[in-house]
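Written out below as structure tokens is the structure these notes cover.
In this document, chain identifiers A, B, C, D and E correspond to the written order of the chains, with residue numbering beginning at 1 in each.
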Amino acid sequence: MSQLLSEVLDVTFRTLYISGLATVLSILWSLPAAYLLSFRQRAGLLEAVVESLVGIPTTLLGLLLFMLFSSSGILGFLKLLYTPQAILIGQSILVTPILISTSYRVLREVVSPYFELALSLGASKIQAMAMILRESVAGIIASIIMSFSRAVGELGVAMMVGGNIKGFTRVLTTAIALGVTRGEFEAAIILGVILLALTISTAIAVKVLMRLMRS
Amino acid sequence: MSQLLSEVLDVTFRTLYISGLATVLSILWSLPAAYLLSFRQRAGLLEAVVESLVGIPTTLLGLLLFMLFSSSGILGFLKLLYTPQAILIGQSILVTPILISTSYRVLREVVSPYFELALSLGASKIQAMAMILRESVAGIIASIIMSFSRAVGELGVAMMVGGNIKGFTRVLTTAIALGVTRGEFEAAIILGVILLALTISTAIAVKVLMRLMRS
Amino acid sequence: FSPFYEVRVRIFTTTSLYATGLLDYLADQFKKENPTVKLEYMAVGTGAALKYAEQGDACAVIVHAPSLEKQYLEKGVLEPGIIFAYNFFIIVGPKTDPAEISNLNNVIDAFKKIYSVGEASKTVFVSRGDNSGTHVKELDIWKRANLNPAGKSWYKEAAAGMEQTLVVANELQGYTLSDIGTYLKFKKQGRLPNLEILYANSTDLNIINIYSAYLVKKCLGEERKYAEFFIRFLENRQDIIGSFGLSEYGQSLFYPVKDKIQEVQALWVKLSAG
Amino acid sequence: MITIELRGIWHRYPGISNWALKDISATFSSGKLILVSGHNGSGKTTLLKIAALLYRPWHGEIIVEGCNFWKMNEAEKIKIRRKITYVHEKPILLRGSVFENVAYSIRIRGVDRCDATEKAESIMEELELIKLSDKSAKELSAGQSQLVAIARALVADPELILLDEPFAHLDTRKSKLLSQALKVRRKNGVGIVFASHSRGKLPEDLEPDEVIVLEEGQIISKY
Amino acid sequence: MITIELRGIWHRYPGISNWALKDISATFSSGKLILVSGHNGSGKTTLLKIAALLYRPWHGEIIVEGCNFWKMNEAEKIKIRRKITYVHEKPILLRGSVFENVAYSIRIRGVDRCDATEKAESIMEELELIKLSDKSAKELSAGQSQLVAIARALVADPELILLDEPFAHLDTRKSKLLSQALKVRRKNGVGIVFASHSRGKLPEDLEPDEVIVLEEGQIISKY
């Protein structure tokens, strides 16, 4: 029993860790990309492409990464396959479109008046960006939460490049899938509840933190 | 060869049809929900919950629906299991959180000034809603495209309640998954490319249509 | 985890074998003797497992499709391996048994009956359709029966793992070919109320299911050394395999090959010829 | 004929403890021109929005056509709202052209396309906006948008129109046109309410029937 | 000392074929008070934003400290921008309190927290905003927000300040305070540029050194 519990905790903790880091990693390029995109006059085409990639099948992405990381693949020498790092990379790529699309929508409304305002008060470009992010922080946070939730909830990448190895790369979704495969539906559902509880409580914690920081 | 082609076309068309309808179906409740939510003063908690559900594992949702639709389940008498209708329902539920969250973000910015404006000019509540939707149409369209892409790209629901039955419930993602299981990676990737081409071209078509309609 | 003193050995295995729990059980036993080695299982279909081996991402594979195995042996992907267990496929189907196969004693006859009853729209057959060992076996039987059900409306290709296929068959009240282990596990969990074993025959060599383990040529170094250890372990500790599942299901899920090695090997050769 | 009677109105903004309006009673009705004046932050905008039936006051009653407005059902409310228009201090324009903006108020009243076009064009002639007709609303200067917002409110032929600092961004010529347009409507029995921080902002030829002076949310004088 | 010299400026908005400014040449410099006037839509706002280095003109040069501004590198640009502030016609305030808004312009100039507070408070005293200090910027009336935006631009001690219709929403008292504040700065050598559609909108005690009159994007007179 206690062994089971410690296993569940282990998997939960690993999920939180990998997907949290993947989200943070993705922020590094997604937010700047969204910021730059929001300055473009005619961004319709790019918008459409990025929005369409929001739902890219995780199995497909997993497969592509697998072929890249596989020992006969271009990046095979990195020996990343079936490591938590591989999942991390895969998930950070996976959430990029949703992170860009949703934060772009928020930034776009704010960018043009506030960029001008920032310059009119003597701000540098970096300070202007900081102002714009600050003004759209609620939307950006929402966008980050959605991305985190997407990372936590995805299966394909974790399965294909993580390999669902017990005690090493098993995360909540791969554990759920295993439960389903083994016919242990109740266990799968319990893990699912844990997963949802995890993302919901993280989201609430972040929102509460935001509110506290503002006042 | 031509048989293979017709099979691919069949699967592609079915995917488009099921996921398109699922998105439309979900709009019926998601947009009104987002609209109502955007009037709430303190929506932080609800926001957090809905945003966290954006990434709900499709396997989990698939499992829950399976248990509902299975012959021993509560809705077993409907005989929905392993039908395209079951996928339709599942996907429309799946995209609800992303559709609500993203359109809510857009509406929220617009609702309070424009609702007041509408009333100040003598509009009814329905007319006010129409005005607000019209003002945020670009964002709503983006939100719908993301949801459609998510529906097209999901695997778990289509697999668990659709059953991946050839010629009946097989869609692009289940076909991709099959390719992966069979070790036919090239086929899987080709299907993946078709899937992305499908969502991207739909997205572009919608955006172009929007632009034409406006002018 | 401490990757520094542990050696990771990546083994690709068929889903059915992994789902029964046998492999985890074996890994625990193996760990007792080799505490610094970590066996990592990747559960996929036989077809995919062999593909991964070809890519060089597996160090060892455990599979059950002789004809496929032979191809990869000839391609030089695998080193000559060992047969470590076997069991028999079964046909499961609805209690009512519309095709009346339960009193037959030849699987080919049973498939023929299913075919004709299917043509009369009185039943359905659910196929794995995923190029797995079980799927290969099923296609082989159709071929032996000189029948081609592909494209028939009663022939459902629910391309998925064994579990999912069983679940689909249960819902559709259809027939399917299954390995005994997955079926018993799901049956015991109450997931398959509509399905019964309708054909099981441990003398019908057409439905023998032979599990082999191979070392992958591209696997080198420490990992290869311990993968070899593990294969050796499978060969030598057949007692564990034979007793697995006895207490839980009242019958063995796998039979050790030790005493019948010649016989089984001969069968393997016959099956691999296709 | 419409009369809006405010009785003992108290109002505050959500989350703020100070009252923005304290015990306000006033009557606005057809044919009368009333100026609401007072310093910045004295409550003029808040009062106008209450009178325009946009904010629901915390306390007090608003009697329109003999009934308490905020207790009416949707259908009755909308009937009354159709008779009143309000122009925001900071104009909010809709996506689309100037013409579409002006036509909006008539279109939502169910007027057919042809009549609507005619009416919109006539008001745009009156306010010399016709040259801007096809311009996108996003492309207007401050004064132009203010005038478009005013035209959009006038075109609906309201029985009562409330204007919040309408002259703030209008140049001399535009101010004259507007005061001319308002004078005509006043004669025809339309009620007009202005908010402006001082009498001086109103063109001289528009003599109010009544001036309400606000100070910290209270009426300190009426004359 | 700063001088901004516009030479043959042409500007239009993206997607619009009409020129909003045509061949404008003008000089704005420290110590001078210049009024840009003209009808609605004549190009005042556009000109001010060009002079404030916010819009990059399509043709023409802007010479600041002897160099073409739009050919400078980022570091040089920001050095110049730090000396100029501009107040929008429609004030845009930042989330947060009035104090935070006012302090913003000093904070981005790297002034330490303590000095910044002192400076922000002194300007808020001067413009009688101190009572609003802790109010959230969202909760201000039109006149209050305009004044806060002005305070935020003044607090940075610019060498040149450009104000677009600053008096539009200010009441009489606030207008006096502002013209007082500007007079003091003018004496200290600060350059001031106003946009207003007519001379009449400027308080009488603020006598401009120069008036530039615009008409359809062209300078029709300077005096």
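What to note about this one:
Definition applied: contacts are C-beta pairs under 8 Å (C-beta built on N, C-alpha and C of every residue); 3 or more make two chains touch, one makes a residue touch a chain.
Everything numeric here is computed off the predicted structure, so don't read it as measured data.
Note on connectivity: the fewest chain-to-chain touch steps from chain C to chain E number 2. Note: centroid distance chain B to chain D, computed from Cα atoms, is 43 Å.
Averaged Cα coordinates give chain A a centre that lies 37 Å from the centre of chain C.
With each centre defined as the average position of its C-alpha atoms, the distance from chain B to chain E rounds to 48 Å.
In chain B, the residues that reach two or more other chains under the touch definition are 160, 180, 185.
Shown for chain C are the residues that touch two or more other chains, namely 52, 161. For chain E, no residue reaches two or more other chains under the stated contact definition.
Chain pairs recorded as touching, per the definition above, are A-B, A-C, A-E, B-C, B-D, D-E.
If you check the complex, the residues on chain B that touch chain A are 44-45, 47-49, 51-60, 63-64, 67, 98, 101-102, 105-106, 109, 139, 142, 145-146, 148-156, 160, 172-173, 176-177, 180, 185, 188-189, 192, 195-196, 199-200, 202-204, 206-208, 211.
Remark: chain C residues 44-45, 47-52, 129-132, 151, 156-161, 164, 167-168, 171-172, 193-194 touch chain B in the complex. Of all residues in chain A, those touching chain C in their complex are 66-67, 70-73, 76, 81-82, 163-168, 178, 180-185.
Listing the residues of chain C that touch chain A in their complex gives 1, 8, 10, 15, 19, 21, 24, 38, 40-43, 52, 55-57, 161, 163, 185-186, 189, 191, 218. The touching residues of chain B, counted against chain D in their complex, run 41, 113-114, 116-117, 119-125, 127, 131, 134-135.
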